[in-house]
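Common to both upcoming complexes is chain A, partnered first by chain B, then by chain C.
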Partner chain A sequence: MKYIITRFCRISLDLTLPNSVRIQTHALDEIQNSDFFALYKHAEIDYPKYFKMDSISKYGIIAAEYLLKGIDLKEKYSETDMGIVLSNASGSLDTDAEFQKTINNKVSFFPSPAIFVYTLSNIVMGEICIKYKIKGENMFFLSESVQFELLQSFVSDLFEKESIQTAVVGWVEYSLGKPDVLLLLVEKTDLKDTSEIEFTSHHIESLYLL
Partner chain B sequence: MVSHNMKSPVYILSDSVITPLGQTIAENMDKLYSKVSAVQAESHEQMGTLYRSKFADTSTFPTKNNSDSFTKIERLFIFSIEQAVSKLSFPIDLSQVLLVFASTKGNIEYLTDPDFDHNRLRIGFMANHIAAYFNNTIPSIVVSNACISGSQAIQYACQALQNKKNTHVVVTGADCISEFVSSGFHSFQALSPFACTPFDKKRAGVSLGEGCGTLILSTIPVSETNIEICSVVSSNDANHLSGPSRTGEGLASAIAGAIKEAGIQSSEIDVISAHGTATLYNDEMEALAFQTTGVSAAPVYSVKGNIGHTLGAAGIIETIYLAHSIQQDKLIPSIGFSESGTSIGLNIVTQATTKKIKIGLKTASGFGGGNTALILKKQK
Partner chain C sequence: MNQLITELKKEIILQLNLQGVTPEEIEDNAPLFGDGLGLDSIDVLELIVLLRKKYGIKVNGAEEGKSVFYSVQSMAEFVYANQQQQQQQ
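Now for the complex of A and B:
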């Protein structure tokens, strides 16, 4: 039995054009306007809740949509067999600063519950779980840069223990207007297909550096 | 099918809890058994009276080396790690051991401080900064999954030990009370207008708390009294970001998974340390999950009335309390409970009671939909 990366989605800042991001997946490689409405339209999502989300959650949902578009995970797996292991560097600091603005002024002190709910590192993961009904093991790590080996070993162990049958794994970082996202879909296989991307820390790193 | 019994058990070799109740385990346990609460009223100009368990401003966390340049939460981590190490019967080199951190908000109270090194607002950076105090350059692991962070840091540590990558792992979790977090819970109208009363009919919300807990774990026990961590399993409600599932299905799935992985029957669970935040929805959700998984007859308690909700530290602090309660064969009472307030009747512990305890369950749930169940067992 081995674990393979069956799909991926990489979103990073594009430096060739202003206000643009590069989106690379198993199926496409394109430059798109980073405006959140344009991203939503391009991804062909129908999920109005997206517009209530903070920036990092929006990028998480866009990436997850590209990752999982056209497949029905629920047909292959039970909801509790689907796991998710994500990580980033900045947690929710971008949104933390937004929330802080609502309590800075002691005269008009109106902490916003709508913003506060996004001031935790793992909320982007919660949003992805809600949209795709991922109900199994869920973990969120913080590290200064992507810990490829950590992601590989922690997720492989969950597979080994048969706690999960599939997992969304990756890095969802957003800071100072810059998205830096890599999502992978990891599944098990018995087949010896040499074209498959085995789930190794080296392959995670290669996809991140794509 | 991989046999779950093939993995090595993980044991608690040493621990430390630093809360406003006390800075030693003995002090914490004595006060839990005698129903002492550290939750006190404090007045806030904009939010009114807040009930919380907070260290006195005069509290010092006397670390071995100079830690003046460290923040309150960083000193708490260092002090607690040093306490846990000093209780070990053998020396352990803190520069060479894997450190696993849990925190939800780290140094967030410095968000608006222009003189503060803002890199340390990133919890991964903060962890490295703390590791540097110990001259530890091994990449630290940081778990930040809301209120299940502490339990999941233990989950990660158990995996790392079972992989034989490490012989010992230090797991530590802390969060401090800040205006940031208090005002957020206040805006949700989730804060109790009195010291919180888990599972009680008149419960009206959570009380926040601060503190730090540290565990030193190994697959090699040093004493037959070392408590074993049998399993830690997580799940996600995939339902709502800030409210628990109405059915308890997510937590039930984690509890069922933990029971299976521990290789025990639900009827063998002698005591449950609940998350018990005292919000209407959390406590009801937990009661439903206990019913679904067949553990609702077991004695249940929550320590939130004693130390408040310590967020990312809760899973670690409360696991340590449970481990000592199992070792001492004594049930911890749940304070603030007088009348059943859940649709499923629970066996809430109201007085410290001597009872043979072999197996205990610790549950936790958090914003973002996460749940965890953790099972502890006495060796014999």
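Now for the complex of A and C:
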């Protein structure tokens, strides 16, 4: 039995054009406007709650949509067999700063509940779980840079313990207007197919460095 | 009152990020929660902040909140009544 990366989505800042991001998946490689409405339209999402989310959650949802588009995970797996393991460096710092703006001024002190609910690192993971009905094992790591070996070993351990049958794994970072996202869909297989991307730390790193 | 209702609709759309919704699409008497605009518990907190911030009005308790935030019409009546009270004081 081995674990393979059946799909991936990489979103990063594009340096060739202003206000644009590069979206790379198993099926496409495109430069898109980084405006959140444009990204929503391009991903063909119908999920109004998206517009109430903070920036990191929006990028998480966009990446998850590209990752899972067109596949019916519910047909293959039960909700509790689907796990999710994410990580990032800044937690919810961008949103924390937004919230701080609503409480900086003692005269105009109006803490925003809608912003406050996003001031926690793993909220992006929760939003992905709600939209895609992922109810299995979950973990969110904070580290200065992507810990390829940690992600690989932690998720592989969950597979080996039969805690999960599939997992969304990756890095969802957003800071100072710069998205840096890699999501992977990892599944089990006992087939020997050399074209498959095996779930190794080396392959995670290669996809991150695309 | 009609002006206040239109103003509230615009504020609700802006504060709650109701993308693609126009003031004309919000019915004056339609419920804001559940079948109507489909707002949630966080949205009601934002509406409380909106009334405090824009009109200087405080909602007292959950019971009052239920009737105030039933619809745009009920919100407007609440704001109007409070504005009248403030003018008399």
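Here are a few things to note about the model shown:
Here is the rule we go by: the second predicted complex is superposed on the first by the 210 of 210 C-alpha atoms of A that agree within 3 Å, B and C clash if a C-alpha of one lies under 4 Å from a C-alpha of the other, contacts with A are read in each partner's own complex, and residues count from 1 in each chain.
The working rule: a contact is a pair of C-beta atoms (placed from the backbone, for glycine too) under 8 Å apart; a residue touches a chain by one contact, two chains touch by 3 or more.
Bear in mind the structure is a predicted one, so any value in this text is a computation, not a measurement.
After superposition onto chain A, the modelled positions of chain B and chain C are compatible, with room for both. Once the two complexes are laid over each other on the shared chain, residue contacts for A:I71 go to neither chain B nor chain C.
In the superposed pair of complexes, A:C129 makes contact with chain B only, with no contact to chain C.
In the superposed model, A:L17 lies in contact with neither chain B nor chain C.
Touch criterion met: A:K52 reaches chain C, while chain B stays clear of it.
In the superposition on chain A, contact of A:I84 is made with chain B only, not with chain C. Contacts of A:S121 after superposition on the shared chain: chain B is touched, whereas chain C is not. When chain A is checked against chain B and against chain C, the one touching more of its residues turns out to be B.
Aligning the two complexes via chain A yields an angle of 80° at the C-alpha centre of chain A, spanning the centres of chain B and chain C, rounded to a multiple of 10. Contacts of A:S112 after superposition: both chain B and chain C are touched.
Once the two complexes are laid over each other on the shared chain, residue contacts for A:I31 go to neither chain B nor chain C.
Legend: residue contacts after superposition of the two complexes on their common chain; A:D157 is shown touching chain B, with no touch to chain C. Of all Cα pairs linking chain B with chain C in the superposition, the shortest spans 7 Å. According to the touch criterion, the shared surface of chain A, contacted by chain B in one complex and chain C in the other, consists of residues 110-113, 117.
Against chain C, the residues of chain A that register as touching in their complex are 37, 48, 51-52, 108, 110-114, 117.
Contact residues on chain B toward chain A in their complex (touch as defined above): 1-2, 4, 7, 45-47, 104-105, 108, 111-112, 121-125, 127-128, 139, 141-146, 152, 155-156, 159, 162-163, 179-180, 183-184, 186-188, 233-242, 250, 253, 257, 261, 366-370.
Taken in their complex, chain A has these residues touching chain B: 79-80, 84, 89-91, 93, 96-97, 99-100, 103-104, 106, 109-113, 116-117, 119-123, 125-127, 129-130, 132-144, 147, 150, 153-154, 157, 160-163.
By the touch rule above, chain C contacts chain A in their complex via residues 16-20, 42-43, 45-46, 49, 52-53.
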